[in-house]
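Both complexes below contain subunit A, partnered by subunit B and then by subunit C.
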Partner chain A sequence: MGTGKEPRRIVTDADARNISRVEELSYELKIADVMARNIHTVTPDMQIVEVLDLFRRNRISGAPVISDGKMIGIISLEDLIRAMERGNGHARVRSYMTVDVITVHSYDSVVTALETFARTHVGRFPVIDETERLVGMLTKGDITSGTLKALQRDYQEEEVRRYRASHLFDDIVSDRTSLILRYQIKQGDFTRGGQASSYIKRALLRLGANAQLARRCGIAIYEAEMNLIIHTTNGGVIWVEIEPNQISMATIDDGPGIADVDLARKPGWSTATAEVREMGFGAGMGLKNIERCVDEMNIESKVGEGTRLDLKILLPPEDSFRETGQQ
Partner chain B sequence: MQLQEIVELIYGKVLTDDNDLQAEVQGGCGADLMSDVLASVQPQAVLLTGLCNPQVVRTAQMADVAAIVFVRGKVPTQDVIDLANSEKIPLITTPYGMFELCGRLYKAGLPSLERRITSALDE
Partner chain C sequence: MTLQDVIDQLNLKVLTQPIDFSAVTPTSGYTSDLLSCVMAGARKGALWVTLQAHLNIVAVAALLEMSAVIITEDAQPDAATINKANEEGVTLLSTDKQSFEAVGRLWATGLR
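Coming up: the complex of A and B.
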C-alpha cells in the first residue's frame, strides 16, 4: 500500500487553522498505537461452527488464518454467515476464508489505515511489522477508541501544564514568594471531614510535587483536620503556605485547649468519645502520625484559649517547586 | 496482583463505576482504625476494612490506597460511593469476614503492605 498513493492535497495556512486535533492525531498516531494486540487466530482446518463459537466468546468479528506460522487468509463474520446460509457449518475455514488479504503496517500512521479502509471497504486489516510478522488487528473501532484515548491524554497533559502553577515561582519576582491556602473547618462536620486535606494534596500535586511529598503533607494535614473536627469547640482554620523550598501548615482553633501537651503527644492517649472511636478515629495516634510525616512540629496550647499546631516540611533541592536551573 | 483477580478471589462486588480492574495492587492492609491505616499502609495497597463512612475514602485518598474492600457484605451509603467515584478509588464489597478475607488474599500471594512497628517487635 505504500505505492501508487495519490498525492495529498497541499494544505494552505487557511486550511491549517481548520485542521482539528483529531485530524492531526491521525497523522501523529501510528497504527501500532491503536491496533488490538491481543489477537485470536484460527487454522484453515477448523470448522465454521468452531470459529463462530470463538468469535462469540471473544466478541470479535474477524480473525487471521494461520498455517505453519504464516498468515494465509482472513475469515470474517460475513464469511461465516455465508457458510451457515448454505448449511455448511461443518465446512473448513479454508473453503470460506478470503485469501487476498490486505494488510497494513504497524509503523504507518493511522491516516494511512483510514485511506485504506475508504479505498477497499474492508472491515478489518491484519497488521504486520517490518519483518512481515503478524502483530495485531485493526478495525475502525480500534481507530476511534485509540484516537479518543489520545485526546484524553492530550487533555490531561494540557491540564497538568496549565495547572503546573509552579512556574508562578519562576515568573513572579519577589524576595520571597509564597502561595497561601486557607480553609475553615467546622466542628463535628464528619461528612466533609478530609475535604480540605484533599484539596491541599491536590494543590501540591498540581504544583508538581512528587507523590511521596504530597502523601506526607496529605496524611499530616488530614490528621490535623480531623482533630479540629473532633476536639475543638468551634472548629478552626487550616493555613498552608507553599514556598519553593518548604511547606508550612498550621491549624488554629479557639478552644478548648489541651491541658497537658506532652501527654497528648503520647501514642495511644486520647480523649475521643466512643462515637468518634466508632468512626475509626480517636486511637491516640494522630499527633504521632503527624510527627512522622513532617520535619518540624510544634504545639502551643492554653486551656480556655485554644491550640495552634505548626508543621513544616523542608524540600530538598530536587523537590523544589522552583524550576530555574532544572530541565 | 491485578484488582480483577482480587475481586474474583473474594467473590467481590464492585460498587463504583469506571474502575480500572487491570490496575496492579502491590499488597494489602487490614484495619478499622483510620490512624492505623495512615500510620502503616504503604502506597498501592488494597485496604480491607469494616468501616463504611466517608472518612475511609478520605483516608484512602491521603494514603494512596489503590482500592477499598468492605468485609461481611457491608455496603456504604450512596454519598460514600459518590465520593469514591469522584476520587477514582474503587470500592468492593465481599461476603467474607476480616480474618478469612485476609487469609484468602495472603494465601493467594498478596503480600502485606503494613509497615512493621519495629520497636514493638524488638522488645
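Coming up: the complex of A and C.
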C-alpha cells in the first residue's frame, strides 16, 4: 500500500483477504492514539550522567532537548553511550544531542510513522500537533503496544456483540422469557466478597445493559451480598432474574432474621461486630444504598427463620434488552 | 491531570502491575474507610483514598470502576489482595502519608 505519493498498487480480492486487522489498524489509529504523552525533557546544559540517571529511573531511551520552551534537539541512549565511551560523562547535552530532529504529527495515522521509521532508521520521534507544539514521543514499542490495545478493544467489542442477549430475547419466542442467575454465598467468606455482584454486573454488560444500569445493579447486589456474608448464620442465595423490561433480584437466607426491620432500614443502624467494622463494613448504610439503586425494595424477615430481600429495577423502553421496536 | 502525574506529584508507590498511567485520567476524588459510604459517594473514574488495605477494597473499586485506590499510612495489602487487583484491573497505589495529607495534595493538583 502506498502513501499517496507513489503509484498505488492494485489490490486484488485475494490481497484484500490477506490484509490483516493489524494493517487496517495502522491506517485507523492516529499517532496521538499510541504515543507516550508523559514525556521527559532535558535541557542543553544538563550533564550526560544526569540524563543517563533520568533515562534509567524512567526506563526511557531518548528525550527531546528543550531550551526556552523550544525543542532544539533530541538525545538518545546511543548518544549517551557515545559520550561515556569517550569518558565525557560530565559533558553537556548540547555537545552530543542530534539537532536535525525528525518529527511526526499527532494527527497522522500510524502507518505514516511506520514509513518514517523505515525510511530514516531513527528509533524515536518527537510528536508535534497542529500548532507545532511538542505533545508526545513515539517509538516502535509505542506502536506495538498501541496496536495490541486496539486489538484487545476490538476483541472485547466483538465479545460483547456476540453475547448480546438482546438477540437472545428477540430470537426466543415465548410469552415471557427470562434469564435466571443464582449464586450461593457463604457466611464469613470475605475473601470472595463482591464476587457475585461483579459477575452479575459483567453479565448485564454482556447482555447489552448500559453502564449506568449495570452499576446500579452492581451496587445494590454488592450490599446485599455483603449482608449475607456478614449477618447470616449459614450464608444464603442470590437470585437474579433478567427480563427484557425488568431485573428482579432477591437474597434469601435461613437466619438469624431481623428483629426490627424498620430499625434495620434506618441509616446508621448496624449490628456489625467490631471486627467487621474495622474492615470498613457496618456503617449502617447498606439497605439505604440498595434502596437508592432500585425501584422497588421489600424485606420480609422472621427471627429464627430467615430473611428475604426482594429488589426490582424497571427498565424504561430505551434500556430494554429487546431490540425490536427501537432503533 | 493523568494518573501518572498524580503518582509523580504525590510520590506514590505502585503496588499492582504497572499500566500506562498517562492514559488514565482520574475524574474525581473520594475518601472514606467505610465501604458503604464509598459505594454511595464515589463516582466512576474516581481516585479513592483509604486506610483500608484488605481484599474487599478491590471488589468496591472494580464495581465502581475507579481509576485507582491510594492506600495511606503505608498500610500493606497482602499478596491475595494484590493478585485480585491485578486480575480485576484495579490499580493499587501506596503512600506513607496520612489520608488527610494525601487528600490535601490531591486537592492542590486541582482534582475535585
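In this section, the second predicted complex is superposed on the first by the 175 of 327 C-alpha atoms of A that agree within 3 Å, B and C clash if a C-alpha of one lies under 4 Å from a C-alpha of the other, contacts with A are read in each partner's own complex, and residues count from 1 in each chain.
By definition in this document, a contact is a pair of C-beta atoms (placed from the backbone, for glycine too) under 8 Å apart; a residue touches a chain by one contact, two chains touch by 3 or more.
Here the structure is a predicted model, which is why all the values come from computation and not from measurement.
Superposition of the two structures on subunit A leads subunit B and subunit C into a clash. Of the two partner chains placed by the overlay, only subunit C lies in contact with A:R37; subunit B stays clear of it. Of the two partner chains, neither subunit B nor subunit C is touched by A:I72. Once chain A of one complex is fitted onto chain A of the other, the partner contacts of A:M84 are absent, as it touches neither subunit B nor subunit C.
In the superposition on chain A, A:G194 makes contact with both subunit B and subunit C. Looking at the shared chain after the overlay, A:I219 reaches both subunit B and subunit C.
In the superposed model, A:N289 makes contact with both subunit B and subunit C. For the contact definition in use here, the residues of subunit A common to its subunit B contact set and its subunit C contact set are 190-191, 193-195, 197-198, 201, 211, 215, 218-219, 222-223, 226, 279-281, 283-286, 288-289, 292.
Only residues 32-36, 38-39, 43, 49, 51, 53-56, 58-59, 61-64, 79, 87 of subunit B touch subunit A when the two sit together in their complex. Remark: subunit A residues 36-38, 145, 190-191, 193-195, 197-198, 201, 211, 215, 218-219, 222-223, 226, 279-281, 283-286, 288-289, 292 touch subunit C in the complex.
Those residues of subunit A whose C-beta lies close enough to touch subunit B in the complex are 190-191, 193-195, 197-198, 201, 211, 215, 218-219, 222-223, 226, 279-281, 283-286, 288-289, 292. Residues 2, 4-5, 20-23, 33-40, 44, 50, 52, 54-60, 62-65, 80, 88 of subunit C touch subunit A in their complex.
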